[in-house]
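Structure first, then comments.
A, B, C and D label the chains in the order they appear, each numbered from 1.
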Amino acid sequence: MTVMEQRSAYRPAPPPAWQPRTDPAPLLPDAEPYRVLGTKKAEKADPELLRRLYTQLVLGRRYNVQATALTKQGRLAVYPSSTGQEACEVAAAFCLEERDWLFPSYRDTLAVVARGVDPVEALTLLRGDWHSGYDPYEHRVAPLSTPLATQLPHAVGLAHAARLKGDDVVALAMVGDGGTSEGDFHEALNFAAVWQAPVVFLVQNNGFAISVPLAKQTAAPSLAHKAVGYGIPGRLVDGNDAAAVHEVLSDAVRHARAGGGPTLVEAVTYRIDAHTNADDATRYRDDAEVEVWRAHDPIQLLERELTKRGLLDEDGVAAVREEAEAMAARLRERMNQDAPLDPMDMFAHVYAEPTPQLREQQEQLRAELEAEAEEEEAR
Amino acid sequence: MTVMEQRSAYRPAPPPAWQPRTDPAPLLPDAEPYRVLGTKKAEKADPELLRRLYTQLVLGRRYNVQATALTKQGRLAVYPSSTGQEACEVAAAFCLEERDWLFPSYRDTLAVVARGVDPVEALTLLRGDWHSGYDPYEHRVAPLSTPLATQLPHAVGLAHAARLKGDDVVALAMVGDGGTSEGDFHEALNFAAVWQAPVVFLVQNNGFAISVPLAKQTAAPSLAHKAVGYGIPGRLVDGNDAAAVHEVLSDAVRHARAGGGPTLVEAVTYRIDAHTNADDATRYRDDAEVEVWRAHDPIQLLERELTKRGLLDEDGVAAVREEAEAMAARLRERMNQDAPLDPMDMFAHVYAEPTPQLREQQEQLRAELEAEAEEEEAR
Amino acid sequence: MTTVALKPATMAQALTRALRDAMAADPAVHVLGEDVGTLGGVFRITDGLAKEFGDDRCMDTPLAEAGILGAAVGMAMYGLRPVVEMQFDAFAYPAFEQLASHVAKMRNRTRGKMPLPITIRIPYGGGIGGVEHHSDSSEAYYMATPGLHVVTPATVADAYGLLRAAIASDDPVVFLEPKRLYWSKDSWNPDDPQPVEPMGRAVVRRTGTSATLITYGPSVPVCLEAAEAARAEGWDLEVVDLRSLVPFDDETVCASVRRTGRAVVVHEAGSFGGPGGEIAARVTERCFHYLEAPVLRVAGFDIPYPPPMLERYHLPGVDRILDAVARLQWEAES
Amino acid sequence: MTTVALKPATMAQALTRALRDAMAADPAVHVLGEDVGTLGGVFRITDGLAKEFGDDRCMDTPLAEAGILGAAVGMAMYGLRPVVEMQFDAFAYPAFEQLASHVAKMRNRTRGKMPLPITIRIPYGGGIGGVEHHSDSSEAYYMATPGLHVVTPATVADAYGLLRAAIASDDPVVFLEPKRLYWSKDSWNPDDPQPVEPMGRAVVRRTGTSATLITYGPSVPVCLEAAEAARAEGWDLEVVDLRSLVPFDDETVCASVRRTGRAVVVHEAGSFGGPGGEIAARVTERCFHYLEAPVLRVAGFDIPYPPPMLERYHLPGVDRILDAVARLQWEAES
């Protein structure tokens, strides 16, 4: 049976014999975001996993801080920090197998790095030396997508293609609360559902799309409630609870891999920093609100749990911090080196072979640069 | 308070204090399409309304048949028949007040005519003498929209504008099951929900988008289940039950007018004819399926009810049929006259004032036509 | 040598054959779009493919053009060669964001690591009595988007050959099908059809000495007809069929114009901001001192495509082309 | 007569002022877009409007460009005059379908019964170090879409004047804001700012006799600078600022080219299929016998807009303009 045939060829019976195709009840999210840390469930969580998550959260936070600092030094054109959202970022990378694919949005550098991409290559877009710095095939990470939600259909197509080829590959695609309003979000979820493609959609609801609060973005009970409209399960999770996000995403990945189709996961979190270093968040929100969320910090939540379970002590904390500082120092050092730049790259990759027109333009620029160099020399 | 302020400035409380904004339960559609005819509820239905619906259904069917015949005579470029869907078409027009607006899709000529638009002017697009034949402001009917779902955001904008101006105007927008897959559907419903705009979205689920059956279009329990993802009510109705469609739509219009915001209505129906006269439906569906639906014919359902309640007898049926024949004869006669054509119209309405460039082109064409006419004369 | 058996065939048949051959040759080729499966497409170009290769190779999709093209991007990322059908020209617009921001840019974005071998078939242009949104000539949009190839056949053999070449290309190709030529017949050798390689080469369809008509797609037969009619006026017109708008074959075009010294660009798309401006400008840049007259343009008017009953006034026809040829300042010669 | 009090102001300030004055003058004017309310837009062009006129007059919308423009269509149908902000050039692409199939066509579709007085403000072009999708020059797309006006200011006074005229127009206007000129200052009379009427007129920014630079938007200051630099080479260049791409002011442009006999078109948008082709072609059609050399083009390369660190190699600068001027076949003169 082909994949398309696997879906029963449903047509509505005439209304007198109407039956809904799918039972909507199991598709609806829980009334509350799922949590693990601070609950009984945490006691059963794998200590090794928790420690790994913790380390990566701390590294991630430090990376955010370092990258933001690099914008001030002019070493990055712009940086959208994910401080406060590290649990989502890290879990999104950790829930996947090697062969799986990650489709990050422009804010998800941390997830990209957590998946194994070189931390400097991951910053290429934001440094501005090229549009994307890493080979997407090396770690199976699509380029950071700036146009919001447009990468979601890519994830669906890739997952479907993998399934057609017989590979048990899952794609995880990340999008913000604001991005859920785009038509591409809708089309992607619908395609995924109809094709039963192995995709997990992770919405990081961080409360804002730049300055626009969620209440002006949607009137839905939750973003996870959108799932039922596609006939797929919607899950709501505390996005600052790394163990919970990891569990929910891992379940969704397993479900997808087993042929169960896509899942929509809404992680409720908060953007602690401004939209980017260029943004002034005081124009649209109170510090008091930020403080409330600071008290629900993903690192602290996990640290508390680990400490309580005796899996982490002061030395452990210090060791992780040290590792983070070392990472930041390396990043700083490498980013302080000028990116190698070749203007001829502009023409090299537009097509498999430059068109005659591009060759002409390339020659024009080459001549200009040579003339410039000669002039410099003459001076 | 401004409209935007009226929506409480919701932001998710930190997950420990999470609360869904809206209770999803009342937004979910019933498990079965709502029906009136053939049930106890029919006994309470207004006889006058039922008779008016019946007449219009019969007229509508006859109009479909006549228009399809006109394509064979080359009098129409193309005609997408709504035979089998007349209950939806007519109810969509009848549920509105004079001051309300209708946003039809390309298949909805019947709704346009039922709202009072001249039956010939309603066919301009399909005859091909111009793109739209009626003044949209005369009966508050937007032009038939060919690009699917693109008219839905228009309905939202118009309804919102009316509300901002303090007018209690409702917009009803029509779309097919296929159209619900488009991004514009999603964006329109979301905008309407966030703005609490007085819009009713009527999806005619007629089982197909040209050749593509619903099962390849969506995996949702029903299309009405999409509503909850926007935080608005979804209603499922038997689209061949004119009384039921009229009631559900009228409720939604009332709800919208009272400031309750938008509703998504899915009417379950069936496209009895091919997609258009140019389509060959035998390529993708069995006659047997069509027969099942013929047995659930909207005209018959209503006729049975009216007869049972003694509101219609053989003479009554004959009288309505006669009215329909007279209408068809008038339509035939008027459509057999050539549409008045002026090629200069091509330049007249592109801008408020033709640009100098258009004036030049217009003069060019005028000269060509004059030369042609002279040549003809010379011969 | 075998004798070549030429048979009459329609462009539609050649396109279907090209898809079939491509799918048979390479399991990575997948066709997707609205109604391409069971129905075989509204123009029946994909007729029989789902039956022969299965629903997964020729897929009916949900009705959402951005979703279709976006999914094709993902499929191409995973090594497939998607061939997307957009049902009509204007219905490709909802996919514009995917086209401009991803399809055209992914190779460049990733320094060549992630090429997207996607073919986007778009039936385009007028002349079939379609109602609004069914007759647009939207090539100007695609030409102005670096990263895309833009090709369009005018003959049955080219329809086959260009489509095979497009599908074989490692770059995205916007493949514009002149829908009013779908049922045009000409002689073709279906037993040994050949891809057109390389894409990007124009062809002289008719040699002449007085002036060059530069054209493509649906306007090629019109220009050939005009060239015939022009003989009565004493003009011997050369007709160049561009076939590929991107890349542009300056060499063939300029060689012709340098020979004839005069040129008219002919296309259905609107004049202002249309392909003709680019073509006239680049020919003038390269052949200025060979030109006896400015390069003129015969194009659609700068209006939304007119309704069926008026389209004959809009479409560039033989008379309008000959009027333009007459304005090529012949008096200067004598 | 009162003395005109000229003050320095930025283009951003003039745009904000134009919006404010338009909103104060006509309650039908509504501003909508992403972040235009509380934040005042990412470029702060709508700063203070929500506060002064309320959230219903200056609305933050959900994040969906087709929805924004589509809703604006509906608002215009009901008698409002929506002013839409697209956050960046490339983020207008998701709204392309609404723009091409409805905004541009509704008046024509309804024989003038349903005009759509919508202004679509789009910050466009590069030069501000933006990452991909933040620096596109997409005017070619809009020029090729009949039914739209396309205007773009290059001075502070024009920014005010054109925006007032655009909002007052009963037709849809694509209002392209050269984002790297937002903070450019020049002298302006804020006490009596005037709309530019009629839209559609170019203006000679600098008179000269040797050749004409035809340009618009962000390239106007570059051309003025080039004209200054050209004096050292003995060239006295005229600079025409088009201001309006649609309609196109053939009169002013051709009068200039007829005077100077030579022309270069300068813009940031890509060359192939870009505005320059149209401009060069129409100037050549109209001024052929006045031209000493072909009309040349200095434009962006035909590549996806490059990353911040490379954009200086891409953007047409003074040297590249002077190189083109030098290629205008001056030897023929002597």
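Throughout what follows, a contact is a pair of C-beta atoms (placed from the backbone, for glycine too) under 8 Å apart; a residue touches a chain by one contact, two chains touch by 3 or more.
Keep in mind the model is a prediction, meaning the values are calculated, not measured.
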Max Cα-centre separation from chain C goes to chain A
Check A-C against B-C and say which one is joined by more contacting C-beta pairs.
-> A-C
Between chain C and chain D, centroid-to-centroid distance (C-alpha), Å | 31
Inter-centroid spacing, chain D versus chain B (mean Cα positions, whole Å) | 39
Go ahead and note the Å separation of the Cα centroids belonging to chain B and chain C.
-> 36
By residue number and range, which residues of chain B touch two or more other chains?
-> 4, 130-131, 147, 181-184, 186-187, 190, 194, 216-218, 345, 350, 355, 357
Going by the touch rule set out above, which residues of chain C reach two or more other chains?
-> 60-62, 64, 66-67, 90, 93-94, 97, 101, 105, 108-109, 132-133, 146-147, 246, 248, 272, 302-304
Chain A contacts chain D in the complex at 77-78, 125-131, 146-148, 178-179, 181-184, 209-212, 216-218, 283-284, 339, 341, 343, 345-347, 350, 355, 357-358, 361, 365, 368-369, 372
Considering the complex alone, what residue numbers of chain B touch chain A?
-> 4, 7-16, 18, 20-24, 27-28, 31-33, 35, 181-187, 190, 193-194, 196, 205, 207, 213-222, 225-232, 238-241, 261, 268, 270, 289, 292-293, 295-296
What does chain C use to touch chain D in their complex?
-> 66, 90, 93-94, 96-97, 100-101, 104-105, 108-109, 132-133, 140-141, 143-144, 146-147, 246, 248, 269-270, 272-282, 284-285, 288, 291, 293-297, 302-304
Residues of chain C that touch chain B when the two form their complex | 34-35, 37-40, 42, 60-67, 90-91, 93-94, 129-134, 271-272, 301-304, 306-310, 313-314, 319-320, 323
Interfacial residue positions of chain A with respect to chain C in the complex | 2-5, 130-132, 135-137, 142-143, 147, 150, 152-162, 164-165, 171, 183-184, 186-188, 190-191, 194, 345, 348-352, 355-357
